[in-house]
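For reference, the structures are reproduced in the following blocks.
Below, chain A partners chain B and then partners chain C, in two separate complexes.
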Partner chain A sequence: MSDSPFIALQKLNSYYGSRQILHEIECTIPRRKITVIMGISGCGKSTLLRHLIGLKPTEAGEMSIEGKDVGTFDESDMRAYRMRMGVLFQGGALFNSLTVAQNVATPLKVHTRLADSTIAIMAAIKLHLVGLTGAADRMPSQLSGGMRKRAGLARALAMDPEILFVDEPSSGLDPITAAGLDDLILELRETLGMTIVVVTHELESAFRIADQMIVMDAGKILVAGAPEEIKSNRDPRVVQFLERRADERRTEDESYMASLLGGRKVECEIEE
Partner chain B sequence: MQFDVQKPQPGRLLVRLEGVLDRNAVPSIRKKLLSAIRKNVSEGGVVSLDLSRAPEMDTAGVALLVEALESVSGCHSKLRLTGLSEKAGRLIRLTRLEQVFGLKDASQSPE
Partner chain C sequence: MLVDLIRSLGRYGLSQISFLGRMGIFFYHMVRGLARAPRKFWPTMRQVLFIGSKSLFVISFTAVFTGMVLGLQGYYTLSRFGAKGMLGAAVALSLIRELGPALAAIMVTGRAGSAMCAEIGIMRIEEQIDALECMAVDPHAYLITPRLLASLIAIPLLTAIFDVVGIFGGYLVGVALLGTNPGAFITGMEKTVEWNDVHMGIVKSLIFSVLVIWICTYKGYFTGVDKGYFGPEEVSRATTEAVVLASVAILVSDYAVTSIML
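After this line comes the complex of A and B, so read on.
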């Protein structure tokens, strides 16, 4: 059982309205490992994460958690799954009317019968882990973007999750704070055996922390494997992604021209 | 989760915890545990918390240990943790409380 994956996806397709975002996604999230999901902006990383955390429904047969089809989950199965996970959303998603410490304490207040003083200590522990001890009594509006991210991570850790999902933990952080966050993620896996899924743009951070990598492109998995396998992959699109010669810009230019010209394609040559 | 309290000799209190010390268990024993400590601890004495039968804990368990420490030090007594599992020790180090609980250096833990 301990070798079987925590989560398995089989041919997951995902839509917003009639627009298909994810195509036949197949991957596994191994236990007690760090899985990093990468890919250019808009390729569907956060959408994939929404499925993994059960926020976006999956059809029967598409996703299983510990071997059990999520399509057959009833409300209490889903609630039980949610109690085992911590999530840091891309925007941080703090409650603006609560202090940082109250934000971290909220899941514990809602989901446990722990005494307030116990909860306060647990919240202080989590804030210390992310280096925000001094900001406990501040309001989210008084935090920098990076501090908000870290407060969100402290809240994601409030319930001592078995599985942690983090969307872009280090975007907006200075390199030193970002490296500190990488260290914390590694430490959580090493000392607690936490299963961790990280979505990130930061290649350096990705290669530092990943046990397994999933590189996405336009709603599909381009390649998945150990960091060394990704590094030595010769697929031009993987190479291009790793070398950052993003063709994001080129497709954007194309659709920009199309929008200017009402969808007409034009060929033009410049005469010398 | 349960515990028992013994006074092996004057000035000493031995508290044995048994079970999983997590967020589900802590609410059911917290009050009784803290008041048993407060009632029985003597000024300048030593309270030993034997955790050999409570190898599993989460940060709710750690927080309870911090609360126990608070009530003990309120009486100018000392708290000693004994029988700490490797796993629990790692958690306490992760939460950077090894000094507070007088654990040995982190570098001595295996791995």
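After this line comes the complex of A and C, so read on.
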């Protein structure tokens, strides 16, 4: 069991209405490792994350957690899975009406019968872990972007999860704060042996923390493997992504004009 | 052309069926939340403060003027038939059976229901509801049920206050301003108003409490979900729809309950 993957996806397809977002996704999330899911905006990585955290039901294909198909999960199975995971959302998703400490204490209050004083100490420990000791009594609106993410991370860690999902930890942060978050993610894997899944499009951060990488494009997995394998991959799209080259402009002037005119052809004569 | 019309009608019909089905499932989750963790005493008390105590001024203000208008209209109508002595009964019955429950619920919809819808809608667009689900916290039990319990406590009490203040407003105009006999006003009210009338008012206020919370929290909870777009304008749209739909639902159900209970 210890070497088997925590999560395995087989031929996962995902849709929003009639629009297909993910195509035949096959990958595994290994235990006690950091898996980074990368790709350009709109490639489907956030949708994949929503499947992994159980917010989007599996419509076609299979997702199994420790060998058990999520499609067969009833409400209590899903609840048990969620009790084992922590999620840091892109914007932190802190409850605006609660202080930072109350935010961190929320899962403990709901799921445990601990005394309020014990919960307060546990929340303070988690806030200390993410370097937010002095911000316990502040409201989320009084925090900077980086502090909100760290507070969100403290809340995600409140129940000591086995698996942590992190959505875009570095986006919108200055390089120093982003590096601090990366260090924290590495520390969590090393000290607590946590399985961590990070969704990002920040290359520097991704190569710094990843044990395994999954590169996506247009709803498909382009390549998956160790960071060195990704770096040495010669797939043109992967190379383009890693070299941060923009797509070439393919639009012909005529078809561009036609698209502006609702599909009508443009006919004009140029007098010389 | 005709095919397009049929197609759009069909699409509209399907969306309405889907809307009703989802509302039904939401109602089931809302009621089921009563029996589920998390602990609800203090969250419910906070909502009682928000729905009840903080609506007191607007309810009293509306009530006193509603009563005054009833007193004024009632006086001139009844005086045509030489029945000015029945003014107290007319004001009290109108308020206790109809206007008290309906107007109190509509005022709560405008003040607290819209705020609830906006608050929950913002929680939706900022992924806070997703965060609750990921923490294995039932969002219905955590967000909706305390509001439902609070409205079942607060709205009937606000309705009772509306009735009393409204009758005072009617007394003010009918007796102090227009000179109706105060004894006739009070006695007429005492002799006419029966337990059945009060009972009808209580039943209506309880039904309206459920409707206000059901519709307003539903609209907030599913803000942007249909379009798959979670922007601020979706919150404003959901809030407007919630207030309009809840107000209409109150008036329609008012007629239905009256026709059943009369």
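The working rule: the second predicted complex is superposed on the first by the 244 of 272 C-alpha atoms of A that agree within 3 Å, B and C clash if a C-alpha of one lies under 4 Å from a C-alpha of the other, contacts with A are read in each partner's own complex, and residues count from 1 in each chain.
Basically, a contact is a pair of C-beta atoms (placed from the backbone, for glycine too) under 8 Å apart; a residue touches a chain by one contact, two chains touch by 3 or more.
Nothing here was measured: the structure is a model prediction, and the numbers come from that model.
In the superposed pair of complexes, A:His128 makes contact with chain B only, with no contact to chain C. With both complexes superposed, C is the one of chain B and chain C in contact with more chain A residues.
By the touch criterion defined above, A:Arg82 lies against chain C but remains apart from chain B after alignment on the C-alpha atoms of chain A. In the superposed pair of complexes, A:Asp160 makes contact with chain B only, with no contact to chain C. In the superposed model, A:Leu55 makes contact with chain C only, not with chain B. Applying the stated contact rule after C-alpha superposition, one finds that A:Leu192 touches chain B and leaves chain C untouched. Of the two partner chains, chain C is the only one touched by A:Ala93; chain B is not. Of the two partner chains, chain B is the only one touched by A:Thr112; chain C is not.
The contact surfaces that chain B and chain C form on chain A in the two complexes overlap at residues 159. Across the complex, chain C meets chain A through its residues 37-39, 119, 122-123, 126-128, 130-131, 133-137, 142, 228.
Residue ranges on chain B touching chain A, taken from their complex, read 22-24, 26-27, 30-31, 58-60, 62-64, 66-67, 90-91, 93-97, 111.
Chain A meets chain B in the complex at residues 108, 112-115, 117-119, 121-122, 125-126, 128-129, 159-160, 187-188, 190-192. Taken in their complex, chain A has these residues touching chain C: 16-17, 53-55, 79, 82-83, 85-87, 89-91, 93-97, 106-107, 109-111, 155, 159, 165.
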